[in-house]
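Down below are the structures I want you to see.
Shared between the two complexes below is subunit A, which has subunit B as its partner in the first and subunit C in the second.
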Partner chain A sequence: MSRRRIRLQALRIAIFALAAAFFLVPIGAMFEFSTRGIGVASPRTLSAWAAIPSTPELATAITVSLELALITSLLMLGLLLPTMVWVRLRLPRLNRIVEFICLMPLTVPAIALVVGIKPLYIWISLNFTDSILTLSFAYLILVLPYAYRSLDAGLAAIDLKTLTEAARSLGAGWGTVMLRVVVPNMPAAILNASLLSASLVLGEYTFANLLNYENLQVAIQYVSLVSAGTSIAVAVASLLFAFVLLMILSFAGSRRRRGGRVVPAETPIAPVATVPPSLLAEGS
Partner chain B sequence: MTAAGNPAFNAAARPLGGGRRLPLTWLGVVPFFIYVGIFLLLPTAIILAGSLIGPDGSISLSNFEGINKPYMYKSFTNSIEISTISAVLGAIFGALLAYAVATGDPKGFLRRSVMSAAGVVAQFGGVTLTFAFVATIGTEGFVYLWLQQHGIEMYPNGVWFFDLPGLTLIYLYFQIPLMVLVFIPALDGIRPQWREATESLGGNAWHYWRYVAGPLLFPSFLGCTLLLFANAFSAYATAAALLTQGGVIAPLQVQALLTSETGSSAPGLAKALALAMVAVVLVVMSLYALLQRRTSQWLR
Partner chain C sequence: MSTNGSKLGVEVRLEQLRRVFAGVVALDELSLTLAPGELVALLGPSGCGKTTALRLVAGLDEVTSGKVLFGGTDVTTLGANKRDVGMVFQAYSLFPHMTARQNVAFGLQMRHVDEQARNRRSDEMLELVGLSGYADRFAHQLSGGQQQRVALARALAIQPKVLLLDEPLSALDAKVRGRLRDEIRRVQLEVGITTLFVTHDQEEALAIADRVGVMNKGRLEQLGPPTTIYSRPATPFVAEFVGLTNRMEGEVKGGEVIVRGTRLPLVRPDTPDGTAVALVRPEAVSLASDGDAGGGPLVGTVIAVAFLGATSRVTVDLGDMIVLAQMPTSQAAATPAGSRVSLTLRPDPVLIARDETAAAEA
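Now for the complex of A and B:
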């Protein structure tokens, strides 16, 4: 028995060590690369990092991507959350249809969806605006499956019917119900959905590139043609930023325990575990 | 939107519905359906319809004949090849890692951090991921140079990194964490009592894996492998960043058709190709759902 335990422990340690090497070395190497000097024997330098703000292309792209992330998250909450609440309360028979539609983007690869959405964007840019912020509309479709999963988990954890009936019988309008009853009762799920959306948007490449917009990932690639060091520095920075976002998420997910049901500690990946995540994520 | 549509809808429905509130109830979901109608269902319909409209404007299957060319065929087989290899390798290594995680403390720090990290890394892709590998084993990379200093040449037979083998290796970086995420629920479903039962009946480790745990885990393992396949098959950004040569795999072929002049003269072809990709993913995902359902029978 104990021999088996020792063998198992040895195996586990070996697996973890190999995995750590495979997953951490590339990130470390990226950092190492971004601090290299110009010459062969030149000392370490942070000049590539210092060059980020003074590369206007990057500064613009970073701002634009952050705006896109914010707009997409807000659009997602504004469109999806009221619909899900309404369907649960008043139109339960539509539940399956809404779920099906929300999970649909998983079976349509982003690269295929972009083919169908391109005529739409040509039309929008000719008739309305060619602002890059219109990309949020397409991004909302990309984040639907993840947002749906986490909001679904959040709504399942609260007694929506009783809460809304109580609020309505006390004279609250639907706006009050949404903003002051539903939202405050599921902060973890809302944060989860927003941060997943934001991190997906920050890493998105397919749509922006093929619809000829320059978001952060596209800009990183352009800049890499001129200055590899600077673009890799931005890549590391954006990666660390995504890490921080998702760490906030897992922290908030495990700390918030409300409404009687414990939000699982692994909230960030909870929607992922049941649904293929990176079908579109990698399309990013 | 709701306010604008409200009176018209109401006036139209009143006489018919006899004052019932049903139409008003339906109004609540109208914005959502309009939105997905425009940005999800319409594009899907455009792909579907566009692939069936030939260059002369008539309904035909000529676009699909366009796929039946050697270079198109090659890009699809390349796609299927790297998706299969990266799915199988990712599934094996991912299952091992998942096993190492699942045999630990279920509430421990290690498990929590591995799962969080896997959630991040499975989403990781594209330009950044490609840079990470270029900085590691590219010809200017950290590991490459380090090995070179120690007298080891990583690419004695030519640099394979900027080609399909390199792409497969990079795909493993997000395939393995994805496998960990989707396979762990199945491993968690395995009860220690089953092993004890096997032992009390005189079975050894081989018997346990061959006759108890193996058959139970296999459908899930297979299903997860299919999921990984679909994941790799849909991936575009990583390949676009790594491969300088266009059209090597199916997503790059779609890109080439979308961006080049030939794309605008044969718009149906891009749609037919997109439809073919959707079809492959749809088949694979349906099989995955089927196998997942089978697994969930004993999971809880």
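Now for the complex of A and C:
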């Protein structure tokens, strides 16, 4: 028996090592590349990394992307959570339809979405504002499927109907019900949805590029034309940042709640395309 | 205790309440007046409309037509959060992220009571339901019965006009259920609050209610004190739903029914003559060991004796039908399974089952 167990353990370690290699080797290679000096025999240098803060496009782009991530997450929560609660309580027949709408962005390629949405953005930038932060609205559509799945799992784990009815009968209005009863009882799901949205926004390239906005990924692409080392350094940094977000997420998701129940840690992994596809295609 | 201070229950009136769900009538013109401080139980099988009635009173559902009045004030259009009702649910409803004290204080917080007064009152309410030592526990650290007691304290903390109990005991095991049932009654009497209690368990309803309303298919079949409901059921449905009933064929004649040679008076003497099925309570059937006769319409064999505690239920096979008899356990000992017995029917007024009467006359 113990031999079987050892073999099983060995298999587990092997699979884990393979998976880890699959993720870590490319990142390691990128890190290695970003620390090369100029010339074949030159010593290792961190000058590419040191150049990040002194490259103004990058500094701005990082700020802007973080702002976009924050705004998108807040918009998503503000729109999706009350809608889903209301549909579950009052319009259960619409549940399927809402789910379908929320999952639809998964089936439509980003490139098709962006072509459709472009005229609207031209109109917005001509008539209202050309701020890059308007991209949040487009990103809201992109994050819907992931956010929906997380929030759905969170709502399924609580007795929403009884809890809201109890709160209502005690004198709470709908706003209070949401903030004091629903939100505090699904912290993991809400964090989950927010971090997934944030990591997706941080890695987004297609929309920003085709709508002529400069977010982090677009900036990395530009910088790569000037300094390949620096652009790869930023790519590594943003990948690691996204990993940290996802780590927080998986810990929050699997942590036992005070309620004693385990919230189903359904963690759909967002496509974290932190290296712009064009960059990879160029093989820089 | 300060809970007694302002506690004079208000009158709660339901006027011709009607609720239709997508063409299906869930509640059909229910009219019911609860006297101040009275506990009325609505009893019926699932789908009879009792829970719908309760939710309409709570404001958790909207009436199709009719009115709800608390102390003469029409509250029909008020939302659940404006109605001043205390509610205990069937499912465990404590907020999982709050302690027992915070749960009880929640309603007071909604009413902008300051923190000190809030905590004081919460502790008082927890004491009232016998859980003073549990104020800092979370729901998952409490047993089912304790959770329902905290829910009761939470419902009462806001000094509601009416207390609504939606099958609060049905998720609990039998022993806790009986104890908590009595506890609810004690607290209700102590606080003096008008209470509507919904249940499908007749024992529960008969045990604690001032009056019991038996509902069927959205209608109130009978409303009256528990003893009346049990011993003088107004309709065959009530007779069959409340307590066990033997269905025995007989002949209606001149205001009486003759069942296997025994004359029994009728609850409704105006029943038309003819063949009918009489509803006879098990406790109206007594047994005697049959030494002599050996035959006859009321002689049979005991096939089972079910021990229920103080009483026992004896199942007798009369050859062409099965009759249940209920009696003190000491008497039942005289007639073990397999013994021959003769039955005597006590001449209590009986009801005639509706369907069979109609069928026999058609």
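Side notes on the structure shown:
In this text, the second predicted complex is superposed on the first by the 235 of 284 C-alpha atoms of A that agree within 3 Å, B and C clash if a C-alpha of one lies under 4 Å from a C-alpha of the other, contacts with A are read in each partner's own complex, and residues count from 1 in each chain.
In the analysis below, a residue touches a chain if its C-beta (ideal position, glycine included) is under 8 Å from a C-beta of that chain, and two chains touch if they have at least 3 such contacts.
For clarity, every value in this text was computed on a predicted model and none was experimentally measured.
When the shared chain is aligned, subunit B comes close enough to touch A:Thr83, but subunit C does not. In the superposed model, A:Ile6 makes contact with neither subunit B nor subunit C. With both structures placed on the common chain, the touch criterion links A:Val181 to subunit C but leaves subunit B unconnected.
Judged by the touch definition given at the top, the superposed model places A:Leu225 against neither subunit B nor subunit C.
Partner contacting the larger number of subunit A residues, of subunit B and subunit C: B. For subunit A in complex with subunit C, the residues that touch the partner chain are 158-159, 162-163, 165-173, 176, 180-181, 184-185, 257-261. Across the complex, subunit B is touched by residues 4, 8, 11-12, 15-16, 19, 22-23, 25-30, 32-33, 79-80, 82-83, 86-87, 90-91, 94, 98, 101, 104-120, 137-138, 140-141, 144, 199-200, 203, 205-206, 209-210, 217, 220-221, 224, 231-232, 235, 238-239, 242-243, 246-247, 250, 254, 265-266, 268-269, 272-273, 276-284 of subunit A. Residues 58-60, 79-87, 89, 91-93, 95-97, 106-107, 110-111, 138-140, 151, 154-155, 158, 164 of subunit C are the ones that touch subunit A when the two sit in their complex. Every residue of subunit B that touches subunit A in the complex is listed here, in rising order: 25-26, 28-29, 31-32, 35-36, 38-47, 50, 96-97, 99-100, 103-104, 107, 110, 112, 115-129, 131-133, 135-136, 140-143, 172-174, 176-178, 181-182, 184-185, 205, 227, 230-231, 233-238, 240-241, 251, 254-255, 258-259, 270-271, 273-275, 277-278, 281-282, 285, 288.
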